[in-house]
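In the two assemblies presented below, chain A is common to both, partnered first by chain B and then by chain C.
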Partner chain A sequence: MLPMLGQLLKQMFTKPFTNLFPAKYAPKNVGKYLQDVQAGKATLISPVPVADPETFRGKIVYDREKCTGCKMCIKVCPSKAIEFKEEEKKIRIYIGRCIFCSQCNDACPVDALHMSEEFLLADTNKVADYLVVE
Partner chain B sequence: MKYEIPVGPIHPALKEPIMIKCTIEGERIVDVDVFCSQNHRGIEWIGMNRNNPVQSIYTAEKICGICNFCHPSCLVMAVEEIVGFEVPERAQYIRVIQGELERIHSHLLWAGVAAHELGFDSLLHYVWMVREKVMDILELVNGQRVPKDVLMYGGVRRDIKEEHIPKIREMLKYYAEGFDKIAKLFLQDKTIKMRTREIGILTKEDAMKLATAGPTTRASGVKKDVRQDMPYYAYPDFEVKAITPDMLTGETLGDTYDRIVVRLLEVKQSMEIIEQALDEMPGGEILAEPKVMKVINQIKKSEGEAIARHEAPRGEAIHYVKLKEGFEYLYAWKVRAPTYINILSWRPMLMDMQIADIPIVAASIDPCMSCTNRVTIVEDNRERVLTAEHLHRLSVQKTRRLMK
Partner chain C sequence: MISKAFKRALWVFHVNSGSCNGCDIEVIAALTPRYDAERFGIKLVGNPRHADVIAFTGAVTSDMAEKVKRIYEQTPDPKVILVVGACGIGGGVFHESYHLEGPIERLIPDATCVYVPGCPPRPEAIIYGVVKAWQFLEGVEKK
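Right after this comes the complex of A and B.
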């Protein structure tokens, strides 16, 4: 314990290392808290910014116009998160299943898929509107 | 009077599904039995029946969350050997750097867990704070904190950018300056010494007999390291030497304290390797074949079998792969994770120890149950013990099936 004591004393006077996201004290209901934030009743401690926006792998962005329906992304997706829509010849991506490997981005011949910076994707409903990209 | 104490299948001290059954006499442990296979995910099955080889890289990555570079690395090495992809020199260096970054973060994570198992939670939080630095670098280079998703047959998918290199060097400087402090907090602390010195001893003979791997075996004085014995990737350039505890303390006891020493020294060794790799990294291509569909077709046309070995943070990971011409998936895929063999060393380690030593001794081999999943046979609620002859027969049958 002795060698640690100096470090502990020092830490009493330094700022906490962790980022207290979304608030200093954990809210009982996060959904309600976010509504309060939108209404202007509470403030949000913003998350730590991503290290490099270019390399970061967040939620997939899909360019519908560019997509030619070649099914290449479906062939390489390890978690079978991509579904093919036969009648339109376009794809539908279920973010709830996506493992963010970005292999579809590499395989796409027309560059229609990209990884964005968005990472707050936890939800109790796996097929919520913002978790299905089409 | 003898009692039996079950630790597990799910126990707060181990957190992962495994059961240790200890027979105790008073406070003394007189017998130990280990029951693995509490759950099974069937990742090998997915690789042989559902996913093509490119998809299998990412399923292999999900075998273990912490060492998520070693398993795809083994798979990629084995397939590359069969198909004959020429991996560019720069890709080999990037693979070495990724592997060593993984070792640093895994060993620091383990150091925190070990402190927690001793009931020293302020040290746990301190070590994990220090570990955040390497996690930031992993996010910077790979785009996410934990999954690397960087390997591809014939190279790597992402380059280490020029603007990232100063930040990696800054991390190395941070660890070089902080290393002595962490070493002091761990190795000169009286409480830690009392709880780990001469606790959970694995003698050199036992370590050799049980064929243990990684830091567990090196802490017992066996100089065994795949990077030294059978260098892969760009490792021949670095002349890695297996680390034993006598390099720091002058003696090898093979106890829990020695396992802490080995892991801390390995963090330092990894830092040196990364530094040298950054200095010597050549330029050029990073991928032999950038078109994914071409890679899949080339693998589909190949036939053969190979074994690949990789020194993971926990020890030696081995993958066996067989490909058949015209077969869409891997024809055979066998994963041997390092924890699978290290688990057996719990028995000699725990003998004659006390109940309170179970968590730290069990944690001292850095067990990872997610890699160690094996099938449990449940049939008609009847228990069945597979004898050695039966297992041998099954193994012969499987070999014949594969030879067809």
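Right after this comes the complex of A and C.
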């Protein structure tokens, strides 16, 4: 009993290991809750932080101005998630198809692509506005 | 009362339709004590007839195509498909492969899908997909 007591007391005062993402309890009205989150009235309990933000591979960010339209990213993309827009000589990236390998970032000669920390992506429409990067 | 409980406690039937197992691991990770989706009543069930949500992982191979359709038809309405990973959404790295029947929407065109992109997606992203499914089912209830 006595050796156990220390462990018992320790466990009584430590926080549970569970990350309560996205909320402690399921909200009564999920649609309204998500609207509140966007308006800043409610806050989501944040996900487990990424281990190394420098090398984390999230959603692609595309710098339209820097892009020269050399098609190097299209050549290296293993899942053909990048489409070339002929008239404008720019690219369009479908995040639904992207496998977040960041090979396009390495291939890009003008540094127009990089990976962000954003990874909470889910939608009923796979070509929703924020799932297509232009 | 029953409908109230329904949109909260989603029971998920998980189908591996030709996945590499990466997404399967992440689906299981979402149920571990670290994220604990079971505190909302979301759990994996072993029978599509008990399920509200079908979680498909992987591009659909020609072997699995018939089974995917059958599993979808066995699940009672209203139902939502949770497509986990880039393969089920657009084929991912397996796109244009010779034995591929997928993506999912080509097999089941009129289904409601929640797409979770990633290769594989993080467990939080999968939970976020379930939140989107909640939101959709709320909309169905209002109608």
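As a convention for this text, the second predicted complex is superposed on the first by the 107 of 134 C-alpha atoms of A that agree within 3 Å, B and C clash if a C-alpha of one lies under 4 Å from a C-alpha of the other, contacts with A are read in each partner's own complex, and residues count from 1 in each chain.
Heads up, the rule we're going with is that contacts are C-beta pairs under 8 Å (C-beta built on N, C-alpha and C of every residue); 3 or more make two chains touch, one makes a residue touch a chain.
Since we're looking at a predicted model, the values are computed, not measured.
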Contacts of A:M72 with chain B and chain C, given as first, second, both or neither: first
Partner chain in contact with A:P3 - chain B first, chain C second, else both or neither: first
A:S102 touches, of chain B and chain C: first, second, both or neither? first
First, second, both or neither for A:A26, with chain B first and chain C second: second
Which of chain B and chain C A:T55 touches, first, second, both or neither: first
Partner chain in contact with A:M12 - chain B first, chain C second, else both or neither: neither
Which of chain B and chain C A:L34 touches, first, second, both or neither: second
Which of chain B and chain C A:M115 touches, first, second, both or neither: first
Shared chain A surface residues [contacts with chain B and with chain C]: 17, 78-79, 99-101
Parts of chain A lying in touch with chain C, wherever the complex brings them together: 17-19, 21-22, 26, 29-31, 34, 47-48, 78-81, 94-101, 119-126, 131
Touching residues on chain C, where the partner in the complex is chain A: 8, 33-36, 39-41, 86, 89-93, 95, 112-119, 121-122, 124-129, 131-132, 134-136, 138-139
Residues of chain B defined as touching chain A within the complex: 51-52, 54-59, 61-62, 120, 122-123, 126, 129, 132, 136, 139-144, 147, 149, 157-158, 161, 164, 181, 184-185, 188-191, 292-293, 296
Of chain A, residues touching chain B in the complex: 1-4, 7-8, 17, 50-52, 55-57, 72, 75-79, 99-103, 106-107, 115
